[in-house]
Amino acid sequence: MAITYLDAIREAQSRALEEDENVYIYGQDVAAFGGAFKATKGLSERFPGRVIDAPISEDAIVGSAVGAAIEGMRPIIEMQFADFSSIGFNQIINQSATQFWRTGVPCPITIRLPSGGTEGSGPFHSQSLESIYAHYPGLIVMTPATVEDAYGMLLEAIRIDDPVIFCEHKLLYYHLKADELPKTILPVGKARIARAGRHATVVACSAMVHEALRAARELAEEGWQIEVVDLRSAKPIDTDTILASVARTGRLLAVSESFPWGGLTAEVVSRVSAEGFHLLDAPPQRLNSKDTPIPYHPNLWRAHRPTWQTIAAATRNLIQL
Amino acid sequence: MAITYLDAIREAQSRALEEDENVYIYGQDVAAFGGAFKATKGLSERFPGRVIDAPISEDAIVGSAVGAAIEGMRPIIEMQFADFSSIGFNQIINQSATQFWRTGVPCPITIRLPSGGTEGSGPFHSQSLESIYAHYPGLIVMTPATVEDAYGMLLEAIRIDDPVIFCEHKLLYYHLKADELPKTILPVGKARIARAGRHATVVACSAMVHEALRAARELAEEGWQIEVVDLRSAKPIDTDTILASVARTGRLLAVSESFPWGGLTAEVVSRVSAEGFHLLDAPPQRLNSKDTPIPYHPNLWRAHRPTWQTIAAATRNLIQL
Amino acid sequence: MPHTTPSVASAASVDAEKNRERFVSAFRWMLLARTFEDKIAALYRAGKIVGGVYLGRGQEAFSAALGMQLDQKHGDVFAGLIRDQAGRMAFGEPLLDSARTYLGSAEGPMRGRDGNIHRGRPLRGMPAMISHLGAMISVVNGMLMAKRFRGRTDVVGGATIGDGGTSTGAFHEGLNQAAVERLPLVVAVADNQFAYSTATEHQYACENLVDRAIGYGVRGYRIDGTDLEACLEAFAEAIERARRGEGPQMVVGKLLRLAGHGEHDDARYIPPDLRDKPFGGDCLPLARERLLDEKWLSQDELDELVTTTQESVDEAVARAQSEPDPNPFRESWHALATKHLAEGTLPAD
Amino acid sequence: MPHTTPSVASAASVDAEKNRERFVSAFRWMLLARTFEDKIAALYRAGKIVGGVYLGRGQEAFSAALGMQLDQKHGDVFAGLIRDQAGRMAFGEPLLDSARTYLGSAEGPMRGRDGNIHRGRPLRGMPAMISHLGAMISVVNGMLMAKRFRGRTDVVGGATIGDGGTSTGAFHEGLNQAAVERLPLVVAVADNQFAYSTATEHQYACENLVDRAIGYGVRGYRIDGTDLEACLEAFAEAIERARRGEGPQMVVGKLLRLAGHGEHDDARYIPPDLRDKPFGGDCLPLARERLLDEKWLSQDELDELVTTTQESVDEAVARAQSEPDPNPFRESWHALATKHLAEGTLPAD
């Protein structure tokens, strides 16, 4: 029986609801309807009263989660799309993220963001916001790329005593499959070598890991062994694993679906430059989405985000530098 | 007669109101009261009906500015503190920043953000948000460090056909003085060599330019000539000027008052690493505020942000690398 | 002192011929919208449209009644949302704009950059909605403020919202801003009993959303949104009052969403018996019956109208389908009007 | 069906002795708050306090009446804002917490990390406000939801807001959320006629903010916020109803801010004659007169109370002043409870 990335997210929530009575789910259309992407399907029937439909009030949704967390609950918030978290932005960055530091009272909330571009979803249903949230002290930002991590990291996110921004990639929901749910996973905070190689390191997270892997397969045919590092979390970043990889390869390309200014690729490149300068045999490179809103038309959308083709091209270029 | 940074901001607005009848000012307490920092003092009397008090509704304040801009007005929005722009966040990043790209209709709004930490202002009246806004396509982010730039760049911001996030540093408001308003200024988009040097380049913007200059004076006494680059705008970044400086010095320290993950220093370091790798004689370094909310108590606040002392220490370290 | 008026607006009744004309004209827009959306839905099912398709089925009367009675040439504004195909067209949006945006034509107003209902022509009084509900109210306010700065206080801005959208902070801030600034804003609240799958008891706890009006100091109207004539009268009065300087007006129409949230949604969660309850009807056949009963159109005229409407829809869609897709290599990959400050990739030419 | 009740609450009148006790007790809190804030203001003027100082002068009756009638030990919640020194103390905040936070003592609940009015002890029903107005309403909602999850529906959450704060989207979303979830929330709207320098005509266009209640499906109370007895009665009823499961209650008190927005502000923009108009009085002398008139306290008792109050304030302030400042070298420079995931600097030890 194949389990999708989306199934894994549902199962993780189901298990969390089962294991801890402090867990509840709150978001638009999450109850009987099971959520816009069906990530909570069946849960309101199995856990009556613990999966609650919210009004279209992202600010109040997050604010109430903080209040409940103060009291020891462990709310899971589903944003209908990551993009709508801009309405809950203030409560996320100023209320939830500062709570523990200011008061000493932990704020264990998990905010699920259906993230990333898909064909035809356009400027307001496609955003990748890990770079925005990772900027703020007090937040943990997870960006799972595999079914196993979708499950294991979400369980961990719910258990963690801090606000976690959980970026799930919509492109992975249905297509990514595994045979079973994992028994154990790599600890949160550790990156994973998704593919070993020795000519260059490509660092990525979420859906971009799969584009990078595909690029690596292409380049393997050309004789280049590309190491792909799956970051798993955007904050914290496992700098050690990246540096160890760059020590092996001497070359770094950081890839992300975020907008190009600042963000994940800049953070990765500047950490490696600062801490692993002597490991680098060539200038570290970055590849991001383009510096415009995310286009609706598939022709434009495909050109806007990094793909295995542009990652392969950038990696070829990097190897020649 | 000395003109402060704050005077310059007021004078720029006054001149813009005078020169262009499409300009108006909208924000909390900006009319008769002249604004929380007196940046609009006297303007409502001089320009009746064109300086308007807004309700405590940052979302609607920005949204209405976009609407007015569509119709050809050039609104200046004053946020009472940069930190409260989190409430107007959605309208800024999704409405104003995407307007021109989506519709072809320009959106000339200027959003003034009284930014940065001061003694005792705490987590919610101290934030530096240039790194957040610069991440988004469609925004220009200005970070003036001098009285001249406060005046000239604000005038330019109002004239520019795009949304401009204008980050004014509250620490500079009263203390920074010039003899007169400038006749001309360096074009927006160009960085400025605030002090020439040859042993290391320190890149900074806004109040951090002054900390960097003070650090450079300290180090001069130790025999080190530090070049200080005043970025002036966080987006666009004048990469050429930075690279030219690094070509002279071989060493780079990027300094910012933002939180440490991502943001301006990461962007500067990763650009230089990618485009000017061969120019670097040592690993490029960064210095940011610490990874916590901004503390209230002066003891903590002074330790939280970069200061001339920590910049000097980081630069000494960089020179020895 | 603003107060809530009962279901049918109290304005002086228009004379019979004007009444007929207005009704027939609205009906045409309703029919055009329905015909167009049926076509788009079919194309969606056939896999010819990417992204979402959201229909205004059941809301055409309410939407058209506002759009039609605003005056685009005069400078009025109409900010429609996802269920306002009828209102948009009635206001003056070319059919081709709709077709091109759904089909992603490079020649459409959004040039393939944005799709489906996110279209607009801001310079012609039609701001392009962003998805975040409630956010367009203050944009319309700003457009009206701009006009007022230029001495135009006799233009009206219409903005629509759903029952769900009223729960947003943006809606509150926007409506309150309009009230404080006493702007000529007409807000049309289409209470179609659902926000996606969520019934209104999870959205608000007042008896009727029109109860909000008094708290903003705004005049409220409470109508049956399936009754075209009631819609026409209420919006006529609301627009007239706004134009006269009486400040914002809030018209709440009860009706039922007669489609899924989007065409991907079978809306199984909507109890079928709601269709037989008050406000559960379909405004289009209701209006058609009225037309025939009153003999405002003959059966032949109606048949003819249906045919020509279908033809114009087919023609627009065919044309949009034949147009070039956007070309990523020709695209300017930056988002600024101020080209020399753009950090993105500038076009090759 | 919720509706707006007239100025004085209709609850059964409490007996005379209870009335006296309640009044005297409230007066003590008012006096303590005023005495403390006068001291803080003096310290601010002397340069002994950094950051802002915001006083609740004139609002003590309204604030204390809510805070005092909530039951901290029972699990109730009180979320005060910048003018709620009286309510906070009446609810149970130790005087020393206030003093320590203003003075930045490392031993205070905020350990110098946050200051002045941003203090709280969330685990004792006192969430620590963030500055963004309106944001605390939904936090209180969440606390009440948590209690309900655990079977506690008989606890009440009090939250305060100013006239200006009602213009925020957060306030709207929060109050609506409470109404939809039928939470035992009591919102106290202190309409003190100004938001910083901004008069209420730039803030709202309804006649009285209590007109908002019906639109949320919430019970509204409209009172004179300078009249302690009216405040006590209205909040007693509101709390009682909320506790009984009747859902959110909204009490709007009219009064006047008798200070600058903060102590840096001379409030020249407030026309002096407002003090002589309705709701312009000072609740503290008004309550004192009442006390003496009713002989609820003798002049001697009152003098004694003033003296002991001053002493306890001086003592708390002196103690806080003698305490160590926070030490940046001992500080954990990271913001996570999950230490092993923190990227910031961990403490040396």
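Order of writing sets the labels: A, B, C and D. Residues in every chain begin at 1.
Everything that follows uses one rule, which is that a contact is a pair of C-beta atoms (placed from the backbone, for glycine too) under 8 Å apart; a residue touches a chain by one contact, two chains touch by 3 or more.
Keep in mind it's a predicted model, so treat the numbers as computed, not measured.
Farthest chain from chain C (centres taken as the mean of C-alpha atoms): D.
Between the Cα centres of chain A and chain D there is a gap of 40 Å.
Mean C-alpha position of chain A lies 36 Å from that of chain C. For the pair chain C and chain D, the distance between C-alpha centroids works out to 43 Å. Looking at chain C, one finds that residues 110, 113-114, 118, 130, 132, 134, 167-170, 173, 176, 180, 202-204, 334-335, 342-344 touch two or more other chains.
Multi-chain contact residues, meaning those touching two or more other chains, occur in chain A at positions 54-55, 57, 59, 83, 86-87, 90, 94, 97-98, 101-102, 123-124, 137-138, 235, 261, 290-293.
Viewed as a network of touching protein chains, the structure reduces to a complete graph with every chain in contact with every other. Those residues of chain B that touch chain A in the shared complex are 83, 86-87, 89-90, 93-94, 97-98, 101-102, 123-124, 131-132, 134-138, 235, 258-259, 261-267, 269-270, 273-278, 280, 282-286, 290-293. Of all residues in chain B, only 28-29, 32-33, 36, 53-57, 59, 81, 83-84, 86-87, 119-125, 260-261, 290-293, 295-300, 302-304 touch chain D in the complex they form. Within the complex formed with chain B, the chain C residues making contact are 109-110, 113-114, 118, 120-123, 127-128, 130, 132, 135-147, 149, 169-170, 173-174, 176-177, 180, 334-338, 340-344.
Chain D meets chain B in the complex at residues 49-52, 104, 110, 112-116, 118, 130-134, 164-165, 167-170, 195-198, 202-204, 269, 325-329, 331, 333-335, 342-345. Chain D meets chain C in the complex at residues 1, 134, 167-173, 176, 179-180, 182, 201-207, 209, 211-218, 247.
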